[in-house]
Amino acid sequence: MAKQSSQTKHNSIDNTGFSPNSSAEGGRLTNKDGRINLRKTGIPFYERISVYHSLLRMSQLTFTATVFAIYTTINLFFAALYYTIGVDKLAGTTPVGSFIEDFLQAFFFSSQTLTTVGYGHISPVGFITNVVASLESFMGIMSFALVTGMFYARFSRPKAYILFSSHFLIAPFKGGRALMFRVATYKNNHLTDAEALVTMAVHVQENDKTVTKFFPLTLDISRINSLALSWTLVHPIDEKSPLSDYSEQDFIDSRIELMITIKAFDDHFSNTVQQRTSYIQDEMIYGARFLPMYARSDDETYTHLMLDKIDLHEKAELPQ
Amino acid sequence: MAKQSSQTKHNSIDNTGFSPNSSAEGGRLTNKDGRINLRKTGIPFYERISVYHSLLRMSQLTFTATVFAIYTTINLFFAALYYTIGVDKLAGTTPVGSFIEDFLQAFFFSSQTLTTVGYGHISPVGFITNVVASLESFMGIMSFALVTGMFYARFSRPKAYILFSSHFLIAPFKGGRALMFRVATYKNNHLTDAEALVTMAVHVQENDKTVTKFFPLTLDISRINSLALSWTLVHPIDEKSPLSDYSEQDFIDSRIELMITIKAFDDHFSNTVQQRTSYIQDEMIYGARFLPMYARSDDETYTHLMLDKIDLHEKAELPQ
Amino acid sequence: MAKQSSQTKHNSIDNTGFSPNSSAEGGRLTNKDGRINLRKTGIPFYERISVYHSLLRMSQLTFTATVFAIYTTINLFFAALYYTIGVDKLAGTTPVGSFIEDFLQAFFFSSQTLTTVGYGHISPVGFITNVVASLESFMGIMSFALVTGMFYARFSRPKAYILFSSHFLIAPFKGGRALMFRVATYKNNHLTDAEALVTMAVHVQENDKTVTKFFPLTLDISRINSLALSWTLVHPIDEKSPLSDYSEQDFIDSRIELMITIKAFDDHFSNTVQQRTSYIQDEMIYGARFLPMYARSDDETYTHLMLDKIDLHEKAELPQ
Amino acid sequence: MAKQSSQTKHNSIDNTGFSPNSSAEGGRLTNKDGRINLRKTGIPFYERISVYHSLLRMSQLTFTATVFAIYTTINLFFAALYYTIGVDKLAGTTPVGSFIEDFLQAFFFSSQTLTTVGYGHISPVGFITNVVASLESFMGIMSFALVTGMFYARFSRPKAYILFSSHFLIAPFKGGRALMFRVATYKNNHLTDAEALVTMAVHVQENDKTVTKFFPLTLDISRINSLALSWTLVHPIDEKSPLSDYSEQDFIDSRIELMITIKAFDDHFSNTVQQRTSYIQDEMIYGARFLPMYARSDDETYTHLMLDKIDLHEKAELPQ
């Protein structure tokens, strides 16, 4: 458990949206990817799921596979319908009596209808077949309208594309210590007006009960005009910090979690984007400082940002 | 009618957008679903309706039915055109003289043209039929362009997905009383920077006239960083509250309405979302407190939020 | 010209984006529909036009006509190509030697290709025809992709749908006078957090030159939580007002222009919307007050907003 | 190198997102088009690229060419598949044995399938060909869904369309000097609530090392209600300015860079738009003033903004 003294000197906050009741919480509060470590129950699954949010979060592979699976399922459904009505109602096919071959002909007609390619070498005959084909092509267009929308939604979803250093450091800073971590944008995007918010959750003993206390960690610079190069976020561990009394051992023994939110304006999306992550005490390196991750290019015409060096640090002596 | 004394001690506000003239208002001001209880007249229906807003609010069933009805209507319209021009102008059909059968052939050709499936076993012959078919396929593509847009608009519309407790409670709070209600997000969405605004409308007698007065209800915490778990909103009924003098009977006799707006930032939409609702005095439980609706999961690796317990409360003694 | 005394007592502002040089300005500064009364030259037309902005502003009729005209033009272009290549390269057609009939066959094939309906009773033969047909169907799909986007953009464009009273009034207010006008939303939209900004431009003589001075007109209430009913905007003409010394005749003789911006948050668009308009002195009614434009419904269950009464007013005596 | 005295009197800022370490930077910090002069390495190319951002930035020509190249590639791929399966499996074609002609037939069938035009004079025969054709038409629809989304994204991307003067001037201003540049919107868009932020980077000698210092340049008016006409941005070079001690020669000898961001609200996009640019000392004209770029129209009914005069200036005497 973390040292109590520094915790009581400082005011904890209760507007984090998390509960001070440690016994109600399991695991870390926020996952590395920024999602709250939480499951919801009590209402039916389909009411609990925002299809939109799910589709946005899916990997591209899962998304494509999902769309393909739905396409095949609809195809099979309509093929079964045509087969039931009778393959003889599909002009251009020759019913051979074999289930597989007849079904396949129905399936191929179905797929030509669903995609509206409609070659016409197979064509519907009679009232029912025509109605089903008409419905299928309508449904095809509707589905592809939906898929177009989903593709666009996934594609155009504003994202921050921020890379975080794997660890946070306790580094020397202005004769004292500071908690530091580093971020950079890793795509060809450009963020302006970037703002960072760091909240620390600490599990402490209070009257024989473990409670979670929340402290805002003030940053040396919490807002920058442009997230152009890398940005090292610095929380000075001075007397105003809830970590001021922590020795190296205190840090190691503590159960803390840093919850980080970075909000910025993306030029190209013309939208505010936000990314969250968290660090726990196991992701700390005590006594280290970050080394620069950018340099002048060889031809001196531009600046070179090396993203693989975001974790680059060296050991550093800390004042006791 | 509610007690007058507390109403006059406190300053009412006049920037709610609602009228202080009770005799001009009918029923509650804001419906449970957050819509203003209002009808507009005086300009033609089509000018008064934003098709976009209507389509966004429709249920998925109504929307699909609407699209299908329009599809069928256009189909029927063009089928009638082809029938009028003459089914003999559709190569591949055999005019049988029966209205129904001939019309059906025209209808199926029409639907194959509208969806651009165009099998070709029926094809247009002659100038007029070709022109109509050309127009229909153009119109088909235009309509489906529109429908694609609508689907996407409905699909991607930023929504808050906030669940409100069915009742508000008058609960014990720091030795006194407080008005409380509870919210939680019920989907796999995540809201940050959530802010709540509560305005109370009270109908009171003033010089023999019933007037509506509006009071802001200050919240103990009105803004949280993350709407992660449930959030209990607390208005302390202290001497600064316009409800400070209300006895249980005053609450029951009163005609009050709480109008609530919650605004937050949705990570995935990267947009501000907002949800409104209202409570009236009949939706109050006097002397009760909420019980927790979340707990540590059995395997202690995450927190479990039980949405069906949002109304869970127990009776509680209130100070007099 | 307006009275000078009141103009000089008050500080004019210079951050309106308009010029104080009256001789450089023609007509009113802002049109009734909120557009700046301005034309731009000096760079080529196509660089000066944002196709997107133009398409958003077009009426639905103009838009549909534009799309149809482009569709027909592309069709004609490709028909000419097929005709030039030779109608004998379109299997299923019978070249009759008549220009019109042969061209029509090429045109119909073209439209079947562009819309991808592709019946197939006419089909391309030979290398060149096939290449052209392939390009045309590709182009068809690209164009309809574009049109889909445009439809959606027009459709989903956030608009405020605010109705303004035709006139502004000089009305009695708290024993003095006030400048008033009235707004209401006229669609099934709902605006929250509405804010109004009123700037007055006055053309005054200064050292034998006509200059335009700009004054902010402070409003009694400039921000409301919800634009639910109608909203009467009130600028009190007290000693702090630049209009304080204006007699009825001064108003009539003056050359003033009120430029109004209303900004609000739309629940369904989840977006900030903005609408602008302007009033000039000819749109003033001196000595009048607005009458209510809403009432309780007959069955007392809702409030009824009568949009055709937005201009409803009665004569009113003004203090001198 | 610039004069040191003025640099030390004023506080530099360190929240620009750029580095004070001049030796790590190459060339200018911000390019004329507002992009940071920076390259990123260290993670694989495909992780470093946001396809969305790239597609948004492409010229229309590059974009169309890219789409066409992808279309042709997919076509060739499927044509090769059909050719490998055998042209005899495409009913309606006559295998002639010549590679080119057979491949072309496969290619044309492929393109008719991909665009879903599906004339049907060529149609798939047998299981494998049908499956491939079914996949191709599915893929066609998916691709065109994607392209529709991209078209819309490019089309609807909020842009500021702001024109900057080519140079900044040192001009006479209120008996002293001021740094000025000029902007105007050049399209039929309208910006409100425009705000400008100017940061100056100066490379100075400090302890034998070249460091980059950043200073905010305060503007006489930094925010205007409406970017209606042109807007001349004015930084007064008074005692509060970090440029106060600069003589003409100092300006010429200095290595400064002005980084400019203009943020505004676009009425039609209903969105905040932002544009950036930079000026370096070589883009300065010392001793000049801007001449008006707008005038009353000949018929006196509107104001005329001449965009080709944005750089129009005359020589002007400066106080020493």
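Which chain is which? They are A, B, C and D, in the order written, and residues in each are numbered from 1.
Keep this in mind: contacts are C-beta pairs under 8 Å (C-beta built on N, C-alpha and C of every residue); 3 or more make two chains touch, one makes a residue touch a chain.
Since the model is a prediction, treat every value here as computed from it, not as a measurement.
Interface residue usage between subunit A and subunit D, two copies of one sequence, is largely distinct: under half of the residue numbers at the contact are used by both copies. Listed candidates were A-C, B-C or B-D; the one reproducing the C-D interface, defined as more than half of contact pairs identical by residue number, is B-C. Averaging Cα atoms per chain gives one point for each, and the point farthest from that of subunit D is the centre of B.
Comparing chain pairs A-B and B-D, the larger number of C-beta contacts belongs to A-B. Per-chain Cα centroids separate subunit B from subunit D by 39 Å.
Taking the mean of the C-alpha atoms as each chain's centre, subunit A and subunit B sit 27 Å apart.
In subunit B, the residues that touch at least two other chains are 112, 116-120, 148, 152, 271.
Contact residues of subunit A toward subunit C in the complex are 116, 118-120, 148. Those residues of subunit B whose C-beta lies close enough to touch subunit C in the complex are 14-19, 21, 23-27, 29, 34-43, 47-54, 56-57, 91, 112-113, 116-120, 122-124, 127, 130, 133-134, 137-138, 140-142, 145-146, 148-150, 152-153, 157-158, 197, 199, 261, 269, 271-274, 276.
Those residues of subunit A that touch subunit D in the complex are listed here as 67-68, 71, 75, 104, 108, 111-112, 115-121, 144, 147-148, 151-152, 155-156, 159, 161, 186-190, 192, 194, 221, 223-229, 231, 265, 267-268, 270-271, 292, 294-297, 299-310.
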